[in-house]
Amino acid sequence: MTQKTSDGNYFEDFTLNQEFIHATPRTVTEGDVALYTALYGSRFALNSSDIFAMNLGLEGAPLDDLLVFHMVFGKTVADVSVNAVANLGYAAATFGGLVYPGDTVIARSQIIGLKENSSGKTGVVYIHSQGRNQHGDMVVDYVRWVMVNKRNPKAVPPEPSVPQLPTHLTVTDFTVPSEFDLSTYETDLAGSEHLFEDYQVGEKINHVDGMTIEEAEHMMATRLYQNTAKVHFNQFAQGESRFGRRLIYGGHIISLARALSFNGLANGFKIVAINGGTHCNPAFAGDTISAWSEVIEKSELPGRRDIGALRLRTVATKDQDNSAFPLTDGDGKYLAATLLDFDYWVLMPRRP
Amino acid sequence: MTQKTSDGNYFEDFTLNQEFIHATPRTVTEGDVALYTALYGSRFALNSSDIFAMNLGLEGAPLDDLLVFHMVFGKTVADVSVNAVANLGYAAATFGGLVYPGDTVIARSQIIGLKENSSGKTGVVYIHSQGRNQHGDMVVDYVRWVMVNKRNPKAVPPEPSVPQLPTHLTVTDFTVPSEFDLSTYETDLAGSEHLFEDYQVGEKINHVDGMTIEEAEHMMATRLYQNTAKVHFNQFAQGESRFGRRLIYGGHIISLARALSFNGLANGFKIVAINGGTHCNPAFAGDTISAWSEVIEKSELPGRRDIGALRLRTVATKDQDNSAFPLTDGDGKYLAATLLDFDYWVLMPRRP
Amino acid sequence: MTQKTSDGNYFEDFTLNQEFIHATPRTVTEGDVALYTALYGSRFALNSSDIFAMNLGLEGAPLDDLLVFHMVFGKTVADVSVNAVANLGYAAATFGGLVYPGDTVIARSQIIGLKENSSGKTGVVYIHSQGRNQHGDMVVDYVRWVMVNKRNPKAVPPEPSVPQLPTHLTVTDFTVPSEFDLSTYETDLAGSEHLFEDYQVGEKINHVDGMTIEEAEHMMATRLYQNTAKVHFNQFAQGESRFGRRLIYGGHIISLARALSFNGLANGFKIVAINGGTHCNPAFAGDTISAWSEVIEKSELPGRRDIGALRLRTVATKDQDNSAFPLTDGDGKYLAATLLDFDYWVLMPRRP
């Protein structure tokens, strides 16, 4: 009689180049979109209005890029990070074809690096994951690395292998879907008159608003993504943890920060790449999240007169006023109230 | 470097006849409808069943009228009432074309009145707002007035201008969508045998049931409507307010009261007009909402033998038994437990 | 002036063979499906992916069987169990045609048994309910019995009548939708390699994961089903009850247990029958639900080489580790932590 319940993979279960096809394939729908709006209050016009999206050359309103990311990420958890001690980082995330309600997303992963830690009790696993739609087109592609427990501390470690990962992407690393035509972009409907030319490198923007998180909200979000990480859902078990609380999925904070960034970045209509992100401190129900952003880099896009790319750092904090743009202390350590330091590229219309 | 974050309009920023096209256009979907049902538990058959709606001559189940109202109202907040001290009232709301999943709603407003208060620190702004669908058809149209702070108390006040507003509408002020044909209306599926002829002016109905509100629920609702009023979401800031709590969007109470009114008014299948409403006291998470209604007026409709109109007052209370129809104290002041006094017209089938 | 509010039926209001057509008909949508995923985190591939479902011969992903059950059950409450003292049991539930987004479900019931209790204050009502789609096809059919208060204790009792009900169904009692063709079933997408042949009668499976319930979640679920039972929603009234709390709809626990059972029973792709279920103890917000299952019976299906049926007992507990499969105490009484003892048949692919 075989064990029917999966307890997930431990460090010694992974091998270099190992491939996974993850359960469960997911048809994304207008229902998911409505829940995403209800959970984060996002107001970017491209994802809110079919008509607005069609005016930009699309077939209708595509799903928010982060919703696609969460759907794919969620599927990888059962195979890759159920026994993770820590999510160490992610890098080189690019978004491919737009995802529309009715599309079906499948996630695959490959192990691209393995390195046992000196303690001999854990190791770091590097995973390259890709989400594809029903036509086989890439919709999101990224690398993450996690620290995973060994089941048996005496298991022989694999040959150490650590992939080369870029600190950040540049405009030649990502693609702008060719169907976009921004010539009739309407700034009044989009909610701001500030376009690509108006932003300067080094400029900081306080997004002002704050949003308090409830347990029901972050759990509904994380279940919607079919993410099964136990720490988000089980108060009976978490009560015994060092936090004593359910931990909020880091992606929930990213989505809240992106939604809050609308006030100041309303025309940053699409995320095209994620360079990396640090979840500096855990978030819990009851925290009030607010955010600020800094323009790190600006870039024109080859072959496009209508769109430019802004590289942004968006920082989410809890229970803070962000008018002084809090981030680190005098020693460069993240402040206790800093939850997220997120580095990504958005597209923004250029002035005609 | 221009300020990228909008801090909203202050009293001196408004001018008479000023027009707004509000962000963000919104395609409403079956996802929004499902969330509306999950948040309020509404059971009116017209909005619940495509088949029932098609039997009445429609193309499918239209959105609940209040869901349409909230969607339009929500869009006006960022331009009109972010710096509001108080929502003073609304009037003359009519509903036009039915809204179906897949339709895209856009909101526009015009300033139709301005009057500085004697304190010199605030003023009253009268706004005429209209929601339209993708064909340009009016779907909802109303006036509201709010008290808004001045940024600079020394700013020169505008010429006072106060619009004439009706205390209530009559049947000639609103339209019944012509596609309605009630000849095959099924009372068993609708949930009640009581039709237009059975209600009498002065009759009071205790809707009996109660619904306790959670923070996650009212915030999900208000974000679904893309309403950005800060007081609903930010416990960190609200903790410093005189209430110490997040305030619940008044429209949430209206929708709960309407859903509760099903038990007693199940055949009041459509709201056609809102004469006005008073949010007598603020509502908070943990409050249990119940409701009662009074029939204020009955009217036949020109050219329709199958439908009549009832003008109703629906009162929502908190933590109360409503069998004595509580409303005001001996001095005519609203009781502390009275949350809403809502005056509106519904359509109801007439006996063949 | 007639009483407009329904206070529901009391024991003496029911007559043998009485029939009900329940309000409110309900078109089920992708919005309902998204909410179901967000509320329970279910990962069964059949209900999650149109492509996966089409590969099995269906037109798209059908609704989760339990979502259909809850929708039908919810509609019966206002007519049948508003004045119920206790839900005593249910039996002989079978699922018929698959339900897809866009279908409209209507519920009908017939009273098939009545028996006054010896106290003279209450009686037991046996109700046979059936949900049908817009084509009149049966989608779910079941019997339940509830203890209902008498309005007037002196009302003359009806002739006692108790229907014969099966303790459990067998494979000849239920039907497998003929459109299913499992020949290309993909176990990697489904999330498990364990098929019909791998399970043995008597085998117990600890589903490991736990899920803490919030008030907002169970109320949103129960309203989504348009279930109006007062005890789930009204803290003001429930504060006076012997529990002092809102009670969670028993079906919410069933759905959570089914979703948790994915880890161990991922290929149990469809519920075809429910033999019965006991809600051993009430559940409240804050409870962390986990589950274990036992294989009670295995059966091949007449005329099908690709599918077998497993009869399962799934037990839900609260705030428990389930590695010792807790159920009853030494006297055979359910433990205080046992919430649900659920007996049902699922379909599972057979090895080619």
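A few remarks follow.
By written order: A, B and C. Residues from 1 in each chain.
The rule is simple: a contact is a pair of C-beta atoms (placed from the backbone, for glycine too) under 8 Å apart; a residue touches a chain by one contact, two chains touch by 3 or more.
Predicted, not measured: the structure shown is a model, and the values here were computed from it.
Two copies of one sequence, chain B and chain C, touch each other mainly through non-matching residues, since under half of the numbers at the interface are common to both. The copies chain A and chain B differ by a rotation of 120 degrees on their C-alpha atoms, rounded to the nearest 5. Inter-chain spacing, taken between the CA centroids of chain B and chain C, is 36 Å.
Contact with two or more other chains is made by residues 29-32, 34-35, 101, 214-216 of chain A. Partner chain C is touched in their complex by these residues of chain A: 1-2, 4-7, 21, 23-27, 29-32, 34-35, 78, 101-102, 104, 106, 134, 214-216, 219-224, 226, 228, 230, 233-237, 246.
Within the complex, the chain C residues that touch chain A are 29-35, 37-41, 43-45, 48-52, 60-61, 101, 188-192, 194, 198-200, 203, 205-212, 214-217, 263-266, 286, 288, 290, 319-320.
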